[in-house]
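Quick heads-up: structures coming right below.
Two complexes come next, and they have one chain in common, chain A, joined by chain B in the first and chain C in the second.
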Partner chain A sequence: MSLADGVPHEAVAAKTKTHNVKERRAAWILTGPALILMVAILLAPILVAGLLSFTNYSLGNSGFDWVGTRNYEKLFTRSTYAKMFTATLTYVVTVVPISVGLGLGAALLINSLGRFREAYKTIYFLPVMATLLAMAIAWEFMLHPSIGMINRTLEMGCGTFLERIWPFMANGCAGHFPVWLGDKRYAIWVISFIGIWQGFGFNMVLYLAGLTSVHRELYHAAEMDGAKSAWERFRLVTWPALGPTTVFVVTISCIRAFQVFDTIEAFWPQGGGPNKSTYVMMFAIFEKGVQQNLIGIGSAITMVFLAFVMFLTLIQRWLVERKVHY
Partner chain B sequence: MAGLSITNINKRFGETEVLKGVSLDIADGEFVSLVGPSGCGKSTLLRIIAGLEEQTSGDVQIGGTSVAGQRAADRNLSMVFQSYALYPHLSVGENIAVPLKMRRMNTLQRLPLLGGVIPGKAQRAAEIAKEVAHAAEILEIAHLLDRKPGQLSGGQRQRVALGRALVRDPAAFLLDEPLSNLDAKLRVQTRAEIAQLHRQLKATFVYVTHDQVEAMTMSDRIAVMMGGRILQCAAPETVYDDPDRIEVAEFIGSPKINLLPVELSETGQVHLLGQPLSLTTGRRTKGVGSLGLRPEALFLTDRNAPLRGQIVHAENLGSEMFVQVEVNGLGSRITFRTTPDKRASLAQGATVGLDFDADKALVFDAIGARVRDIHSTTTSKTEVA
Partner chain C sequence: MTHDWWKHLLLILGVIVVIAPFYMMVSYSFKSPGEIDRGEGGFFGRQEMMVDERCVVRRDPSRAEITAAAPRFPGQNDRGIRDALVAEAETDCSMRPVVFNYTMAFTEAPLLRYLMNGIIVTASIFLIQVVVALPAAYALAKLKFWGRDAVFALVLFCLLIPVHAIALPLYILLAKLGLTNTYAALVVPWTISVFGIFLMRQFFMTVPDDLIDAARMDGMSEFAIVWRVMLPTAIPALLAFAIFSIVAHWNDYFWPRIVVTGNRDLFTPPLGLREFKGGGDGSFFGPMMATATVIVTPLIVAFMLAQRRFIEGITLSGMK
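After this line comes the complex of A and B, so read on.
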C-alpha cells in the first residue's frame, strides 16, 4: 500500500510507531482507574497491614518502633493464641463438612420434589437472609440455662425412658442441664451448630444451581447401563457433575467459617467465650486491633488469616483447573 | 439378541395424546427405522421400548416375553442417545466399561479404593478390560481409550457411545437420532458404518431419525410415523415407490414429491387443470384428489405436454439436475429431474413442456389415501391432444 500511495517507507514506519504509542497510551488511560483503585483499596491496605505487623504501632501514637518478628513469635508461642487457632480450626473443621453435606442433601431432596419446592427453598434460606446478630439474641434466649427453651424442652424428658438410655439426659435430670454458652465444653459446639444452621441454606442454593446443569440424558444413560439404585446414579452422574460446584461451595464455606465473628461478639462481647474456648481469629483481630489498640499484633493475626484464605483459594484454583473440569 | 413386539401402545402426557395405538413387530436381527417429523412420537415410542417412559396402555415384548413393569435397567437393551450421554469424568475405556461393571460387579467391588481388596474384583476387571478392548477394536477407537470425552470430536464421541451400547451383547440396540449432532460429511460416513455394524453384529436395531435419507439408506424396514401413528411400515423401496398415504409420499423423498390437484370423474378418468389425463382409476366415484409425481417421473417433452410452464430455478448437483417449473394455470412449482447435459436448453424463464411416466404416477383421494387401481390410457392421450 505504501508503494502504491507513493509514501516513503520510513514515513509509514514512523506513522505506525506513533500509532502504537497512541494505542499504548490509550490502553493505560483505560486501565488506569481500575488499576489505581485496586492498588489503593486492595493491595495497599494489605501491604500496610503487612508492614505494621512488624511494629508496635498504636493508633494515636506519633511514632512506632520496628519489633521484627516479635508479634509473630507471640502468636505462635502464647497459650491465648494457641486457643485461638484451636477454636478457629475446630469451628472450620466442624462447620464446613456438615454444612456442605447438609446443603447437598437438602438440594437433592428439594430437587426431587414436584411441589412445595419454592416453599422449602425459602424456609432453608431464611437463616442465611436473617441478620446473624439478631438471630444471636434469639439463640441466647433459647440457650439460657434456666429459662431457655432448650433446657426447658430437655427437662420434659426427665422421668421418661430417655433418662435410661441417654446418659446426658440422666446427668441433666440428676443435676442440671448444661449452661451452654457459659460452659467451655459446649460453647464452641453451640457456635458451630449456629454456624451450620445459618450457613447450609446458602450451600443448598449453590447446589441447586449446580444440579440444574446436570444433563438429564445422563440419568437415562445410567439407567440403561444398569445403575438401578439412587446411590449408583448419584455416584455415576450427580456427584461428578457437581464437582465444580463442590469445590466452590467448600472454598466459600471455609472462608466464611474462618470469618465467623458476629455470634461470638454477640454472646461474649468481653472476650472469646468461657476460658477463651471460642476465641476465633476474627474476634482476636477485633479485640487486639480495635478494642485494645494493639495494631501490631492485630496486623500479624490478619496476615496469618490472609495466608489461610489465600492457601484455600489457591487449592480451589488448582482443583478447578486440574481436576473437575471435563 | 431377540425380536421386539409392540402392541397397541398408547401414551398420554396429561391431555396430549402422543401415541395412538401403535403396533409394530420387529424380527430378530432386523434394522427398523422410526422416521417422522419432530413431535410425531417416534422418540417417545423408543423410550417406551427402552423402559425410560411408561406407556399409558399397550404391551411391549422382548423376545416373546412381556416387559410390562420391568425397569429399563432390567430389559437388557442398549441405547445410543442423541447427545451421546457419555460420563464426562470417566475416560473412554471407563465409559465403555460402565454397563459391564454395573451388571457384573457388586456395590462393594465398584467402590473406588476399597473395591480393590474385595475378592473376585481383579478377575472381573480383567474380563471387562478384555471386552472393552474388543468393542474398541470393532469401532476403531482403541487408541482413544485413555482420553476423556471432552477431548474427543463429535464423531469419536458417537463411536464411544456405540461402543458402550455394543459391549454387552444386548437383546436389541435402540438408537435415538445418533447422527444428528454430526456434520454432513461425517453423517454420511457414519451412516454406512452403522449399517455395516448391523450386518456384522446381526443384532436387532431400532433407529429413530427425522432424516428420511438415513432411514432409506440403512434400514430393512421403515416405519413412517405421523401424529402418533405409524402410517406405513415397509421396506424403503416400497415406502418410496408405493406409499399408502399422501403424508408418507410427501415425507419420503428428496426433493419432495410434486402434488398436483386433480379431479376424479364417475368414469374413473383423472383430470388435471380441467384436462383429462391419460390415467383412469378403478374407483368410480366423483371427487377431488392429488396426483403425486416424483421428480424422476417427469420428463421434458415438446409436444402434447400435459404440463407447461416457465423455469424459475435450477439446481445442478453435478450428476443430476433438479429444475423447478412454475406451471401455467396451477400457480405452484413442480420439480423435475434431468441430466446436467440438458442445461443449455433450461435457462431461467424458458418455457418447457413436461410429461410424466404413468406407471410412476401416484393418485391419492381427497382424504389422502392412495388410489391404487390405476390404468394408463396412452391411446386416449393422442385423442385429447
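After this line comes the complex of A and C, so read on.
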C-alpha cells in the first residue's frame, strides 16, 4: 500500500516540476520582446544621452572629443539657456495651477448642475482631442494683429466706458492693440493661455471622475458638525477626498507642460519667439540637437529635462504612497 | 433651478472661449479671401461665386490656342478672340468659396496621402503595441517565474520616461541605422508602451485563475491562452487603450517633425498642415483652414459618437 501510495505522489511532483519549467520558459518568451524593446528604446537612449552630454559629437563626424562638463557649464552660464529655463518655468508655473484650478472649478460647477452636464463636458473636452498643431494655427489667425478676431473684438470696446476704466483699452484705442505673438511682453503669456485652453478639460474630466467617489454621507456628517456654508463643506469634505486626484492631475499637468513644443514651433519656426522669450526646453533640444546638430549640448538639455520630469513623478509616487488624505 | 443661472453664465463664458478657435477655423474654411480680410460674411460667408486667379493664369491662351479658336468666333480679330477665351476661362474657374477652399486643400498638397500616412502610422503603432504588451502583461499577471518582480519593477521605472524627452538620442540611433525618413522611424519608438503593459497587467490581475486553468486542461499552450482566452476578456480595456494610443499618435507633431525631413510621401497630417502654412501667402488662409478642419474632424466626430468611451480612454491614466 505504501508503495502504491508513493507513486502517484511522485508523479504529481514530477508533473508540477515540468509544468513549472514550461511555465518559466513561456513567461520569458512572452516578456522577451517587451523587455528587449524597453531596454533598446527607453533605457539605452538615456545612457546614450548621458554619455553624449560629455562630448562634442555631431552626426556625420567620425569621431568626437570628451569635453568633460563643459556642456553643462554652458547650460548654466549662458544667457540663452537662462532664458530657456525662465521660459520653461514661467510656462509650467503659469499653466499648471491655472489649468488645475479651472479644471476643478469647472468640475464642481458641472457636478452641481442638473441639466446640460453632458453638453458642457463634451465642449470643454474638445481641445484635448483636437490636433494641437491645427488649433495653434487657428489661434494664430485669431491673434493676427489687424484681421484677427481678438483685436477686432477689442476694437468694438473703443468709445465705450471700457476705455475710461481700463488703461489697456485706452492705449489700444489710441494707438493700436498688441501684436501678441510678435511682442516679447505678451508671447509667453499667449502660449501659456493656449496651454491652459488645451489642457483644463482633461483635468476637469479627471476631477469629475474623482467627485463620483466622494460619499454623500460625508456631506451630511459635515453639516451635522456645523459646516453650514458651501465653502466649509468644500474645505472639510470635497477637497480632502479629492487629494489623490489632485496629486495625479498636478503631476500629469506638469509633465505635459514641460513638454510644450507644438505651439511654439508653429508660431516661431526659428529662434523661440521674440527675444527668445518662449525658448522652452523641448524647442531647445530640437533646435540645438536636431537642426544645428550640436548633439553634446542637446543631450545635456535632455538630461536636465529628464531629471526634472523624473523628480516630479517620484514626488507624486511618494505622495500617493503616503495616501494623501490630509 | 433658477439660482443656478450664475453657474450657467460662467460655464457659457467658458464655452465661448473654448469654441472660438474651432468656430473661426471652420468659418474661415467656408469664406473667400476677401471676406476673411474684411472680416465679413458671418459664419458661412456669402458664398458668392469667386474667380480662382491662379486657374485663370494657368489657362492664359497661347498664340496657337487663339488661332485654333478662330473658327468659333467668326469675324473677330485676335485681341477679340483672346478676350473671349479669357472670359470663358474665368467662368470655368469661378466657384463657391467653400468648394474652392476644400478643393485647394486636397490639390495644393497631397492631403489624402497625408491622411493615409496618418492612418498607417497610428494603426501600426497600436497593433505592435498590443502584440508586444499583451503577452508581457499576461506573464506578469498570471505566470510565476523567477525575475518577475524585477521585470515589473523595470516597467514601473520606465513609466517615468516620457518618450518625447529622449527624442534626441532615439533620433541619433535611428540616423545611425539609416532609418530616418522611413515609416519605421515614425513607428519604432512607440512600439513599446510600458503604460499599456501596466494597464493590461492590472486588468489581467482581475481575471480569475480558474479560466486559465481550464484552458490549460484543454491542452492550450500559453500563447494560445494569451490570444484566445485573455484577449477576448480584455476588449474593454483594450478599447480604452486604443483610443488613448490613437489620439496621441494622430495628433503627434514633435516626433514626425524630427525624423521626417523633406520627404513629403511620409508626411503625417500635422506635418502636411505645417508645410502648407510655411508655403502659403495671405490669400491661402481659407484652404489652410480647410486642411486643418479635415485633419481635426475624424477624431472629433469619433469622439462625439462614442463620448463616454473616449473620456474613459483618455483619462485611463488617471485610474491607476
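The rule is short, and it goes like this: the second predicted complex is superposed on the first by the 288 of 326 C-alpha atoms of A that agree within 3 Å, B and C clash if a C-alpha of one lies under 4 Å from a C-alpha of the other, contacts with A are read in each partner's own complex, and residues count from 1 in each chain.
Keep in mind that, in the parts below, a contact is a pair of C-beta atoms (placed from the backbone, for glycine too) under 8 Å apart; a residue touches a chain by one contact, two chains touch by 3 or more.
Since the structure is predicted, the reported quantities are computational estimates derived from the model, not experimental observations.
Partners chain B and chain C, once the complexes are superposed on chain A, both fit on it without clashing.
Once chain A of one complex is fitted onto chain A of the other, the partner contacts of A:318 are absent, as it touches neither chain B nor chain C. By the document's definition of touching, neither partner reaches A:66: not chain B, not chain C. With both structures placed on the common chain, the touch criterion links A:76 to neither chain B nor chain C.
Once the two complexes are laid over each other on the shared chain, residue contacts for A:134 go to chain C alone; chain B is not touched. After the chain A superposition, the centres of chain B and chain C are separated by 100° when viewed from the C-alpha centre of chain A, nearest 10. Legend: residue contacts after superposition of the two complexes on their common chain; A:269 is shown touching chain C, with no touch to chain B.
Counting the residues of chain A that each partner touches, chain B and chain C differ, and the larger count belongs to C.
In the superposition on chain A, A:227 makes contact with chain B only, while chain C stays out of contact range. Applying the stated contact rule after C-alpha superposition, one finds that A:166 touches neither chain B nor chain C. Measuring only between alpha carbons, the smallest separation of chain B from chain C in this overlay is 17 Å. Note for the complex: chain B touches chain A at residues 47, 50-52, 71-74, 77-79, 81-83, 85-90, 98-99, 102-103, 107, 148-150, 164.
Against chain C, the residues of chain A that register as touching in their complex are 20, 23-24, 26-28, 30-31, 33-35, 37-38, 41-46, 48-49, 52, 59, 102, 106, 109-110, 112-116, 118, 120-135, 137-139, 141-142, 147, 149, 152, 197, 201-202, 205-206, 209, 245, 248-249, 252, 255, 259, 261-262, 265-266, 269, 282, 285-286, 289-290, 295, 298-299, 302, 305-306, 309-310, 313-314.
Those residues of chain C lying in contact with chain A across their complex are 1, 4, 7-8, 10-11, 14-15, 17-22, 24-25, 28, 36-37, 39, 131-133, 135-136, 138-140, 143-148, 151, 154-155, 158-173, 175, 188-189, 191-192, 194, 197, 221-223, 226, 247, 250-251, 253-254, 257-258, 269-270, 273-274, 277-278, 285, 288-289, 292, 295-296, 299-300, 303-304, 307, 310-311, 314-315, 317-320. Put simply, chain A touches chain B in their complex at residues 215, 217-218, 220-228, 231-232, 236-237, 240-241, 243, 326.
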